[in-house]
Amino acid sequence: MLQVRNLSKTFGGVKAVQDVSFTVRAGTIHAVIGPNGAGKTTLFNLITGIYTPTSGEILFDDAPAGGESPDRLARRGMSRTFQNLQVCMNMSAIENVMVGAHLRLGSSLLAGLFRLPGLAKADAECRDEAARLMDFVGVGQYRDTHASQMSYGALKRLEIARALAAKPKLLLLDEPAAGLNHTETGEIEALIRKIADSGITVVLVEHDMKLVMNLSDHILVLDYGRKLAEGTAAEIRDNPDVIAAYLGASA
Amino acid sequence: MTMKPTTRGFLFLAFVLAVLPLALPNAYYYDLAIRIAINASIAVGLNLLIGYTGQISLGHAGFFGIGAYASAILTSRYGWPSGVALIAGAAATALLAFAVARPILKLKGHYLAMATLGLGIILSMLIVNETDFTGGPDGMPVDAFSLFGWQITGEQTWYAVVAVMLLLVTRAALNLIDAPAGRALQAIHGSEIAARVAGIDTTSFKVRVFVLSAVVASVMGSVTAHYVGFLTPGAAGFFHSIELVTMVVLGGMASVFGSILGAVVLTLLPQLLSAFEGWETVVFGLILMLTMIFLPRGIVPTLRLKFAGRAA
Amino acid sequence: MLSELLQFLFSGLTVGAMYALAAVGFSLIYSASGVINFAQGEFIMLGGMSAALLVQAGVPLPLAIALAVLAAAVAGLIVEKLAIEPAGNSEVVTLVIITIGASLTLRGLAEVFLGKGNHALPAFSGEEPIAILGATLMPQSLWVMGVTLVVVVALALFFGRTTLGKAVLATSCNKLAAQLVGINTRFILLLAFGLSGALGALGGILVAPMTYTSYDVGIMMGLKGFVAATLGGLGSGVGAIVGGLLLGVVEAMTAGYISSAYKDAMPFVLILLILFFLPQGLFGKKTTDRV
């Protein structure tokens, strides 16, 4: 599904990502972990087209994806959420999710000016679909609530609903459990499991080790922009380099 | 079947526009109503850009000026039919807007404000300086609008024309907001990066809405030129651009009816201010500051929140 | 040929020095508060107008200048206190309208209290032109450039050597961090506005003997000052100076070699070019958005 080969990104003098290579197989849950500043979000931004690689290549679904724009990648079936919550606070919850489905609706400005009957019907269907997604992620009760009125935990799930609305093949979640308490983290864990079970490949960046160990089929560890280790949860847990760099006593 | 609030608002607007002539005693009031309707159309178009998509334009009067002077020059100096001249003006505006939109809309915040400001001022200076075409600072007269031999003259006819135009523009804007394209625009305002990863080509959308609002301004410029019969460069000036932005921001960003209300207030304001002889500029400046400080969202959204609070 | 070029260069540098002072004011305020102060031009106008009227009323020139600069500084403080502070963290569009409102209010007040007439200040040290390589240089020009140089050096010392100056720089880098180390950022903001008012006024006073000043020169001056600041890079002091001088020279060259009618349009063409191709200006820093 996703192949990264010798990927590097330099900002001025800072080598944020150095020569990272890994493969994500379709239908798996893949986690990227590492200390703060290890380059995890930079890696995400490179994969999702927000940054252009300095060198190396990215292949999404066997086709080149390095340096593509985010909206083109979305068209190819990639979707993501953000570490610092990028929800449209000027819209209602359901509208946010409907935005996620944008690619599957008629999007011409001109068509929008005239209320064509086909458009209205497609819109109503989109709304129903969005409502179902909101139920799926567990925020169904906020359907018509304005985004600015929702709690942080609910917004995090809303963002996931928006990402799912695009019916992606690959979903990248950037710290989905950040800022959540124990119960909420458990709920997110269950949600991610549900998403993976529905056939979507999931890649996540996370700091919560329990979540990562429970969910992941495969883990990639980054440190100072380089790949430190790669393997299953059991392999990573016992890897002395990883323990030294990162896990310490919280394994 | 319950009606959506926006449908109710639209029908109310249509009702008011239809019934208003009964309350207008003489030509002076008709003139005010016509100017309000023209400003309202421009404001609704501009709000799509500023309020919904979250961009800024401090040079929109420039587009108004292009339409106005295109109509004026082509009809009065070259004898073109009015309808063709209007379309030519709109086309020229669309081309210019399209050409500058991409580089300008890459900018954000204050830089975008300055770029649009610069554009507006350049257009305004062109109009002032090309005296041979435009009559320069003294202005130029404009022939009446004629369509297939029938001339539009007289306040009542003009009122009907601009009222219909306002209804069309409002209806189109309301349609757009409910459409996927409208949501895309608002998403660009809410979080451009989120919109992009959702598959929205944000640059393309920003360009399209910029061109759309520019064309609306241009058409209204042409209308104003024919209606007033005389045109001066102030139509494209910085002050006019600020007036237009204020209508949008004062009435309510991301609120179609807010823009209409803003147009009403801003058009009537000079009439009210004439009571403060000599102090007009000061009072206008104070009003701008006070409303932006205390009603940053604009009148309609602030009222809406108040009523929503009570209903909850 | 050379003398013509020199002539344009002199007049360009002279008016450029005024733009430079305005640009420093813009950059200062933008750095400290993120606000583009559309009222900056009115400070320039206030300086020139107040000084001119004070002199006409019989006040000796040096005192008139001092009072005018003070008046503009006070105007700056008032604008910050009454217009900017209450606005808090409003959106850009809102802040733009607020400062435009402030600009209109100041202009309107000038119209009412200072009248609609044109005024000029007497030249500081006479009107004998100095001949240099075939071009003439007015003594006033030397005053303009000389005072600007002194001001620039003083500002550099202020920001580089004094604690208060460094506090201003700290606030402009990161307001929250500055607050956390005990810097009173509200005071800094007031200072920035007051200082900008003074700088703008100084610029206006310096060129008033050569160009007529009236209540409505503010808008153009302000806009051009902003262009100069953006040219040099918003937030960069050096950039503001360079931007101002460059703008003045380009304008003078345009007036001399191309067309004097369009000399006023040149700054805006320049700003479009800069914003399209080099948005961070000559000395500004390129920024990337972190997501």
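A few notes on this one:
Going by the order they are written in, the chains are A, B and C; count residues from 1 in each one.
Rule of thumb we're sticking to: a contact is a pair of C-beta atoms (placed from the backbone, for glycine too) under 8 Å apart; a residue touches a chain by one contact, two chains touch by 3 or more.
These numbers were taken from a predicted model, which means no experiment stands behind them.
Compared with subunit A, the chain whose C-alpha mean position is the greatest distance off is C.
When every chain is reduced to the mean of its C-alpha atoms, the one closest to the centre of the whole protein set is B. Subunit B and subunit C have Cα centroids separated by 32 Å. Each chain gets one centre point, the mean of its Cα atoms, and the points for subunit A and subunit B are 41 Å apart.
The centroid of the Cα atoms in subunit A and the matching centroid in subunit C are 48 Å apart. Contact with two or more other chains is made by residues 193 of subunit B.
Residue positions of subunit A with contacts to 2 or more other chains are 50, 82, 86.
Chain contacts: subunit C has residues 291 touching two or more partner chains.
If you check the complex, the residues on subunit C that touch subunit B are 30, 36, 82-83, 86-87, 90-94, 96-98, 100-109, 111-112, 219, 223, 226-227, 230, 234, 261-262, 264-265, 268-269, 271-272, 275-276, 279, 289, 291.
Contact residues of subunit B toward subunit C in the complex are 50, 56, 58, 100, 103-104, 107, 109-111, 113-115, 117-119, 121-122, 125-126, 129, 193, 238, 242, 245-246, 249, 253, 278-289, 292-293, 296. Those residues of subunit A that touch subunit B in the shared complex are 48, 50, 69-71, 73-75, 78-80, 82, 86-91, 95-96, 98-100, 102-103, 105-109, 111-115, 119, 123, 126, 147, 159, 162-163, 165-166. Subunit B meets subunit A in the complex at residues 172-173, 175-176, 178-184, 186-187, 189-191, 193-202, 205, 208-209, 212, 254.
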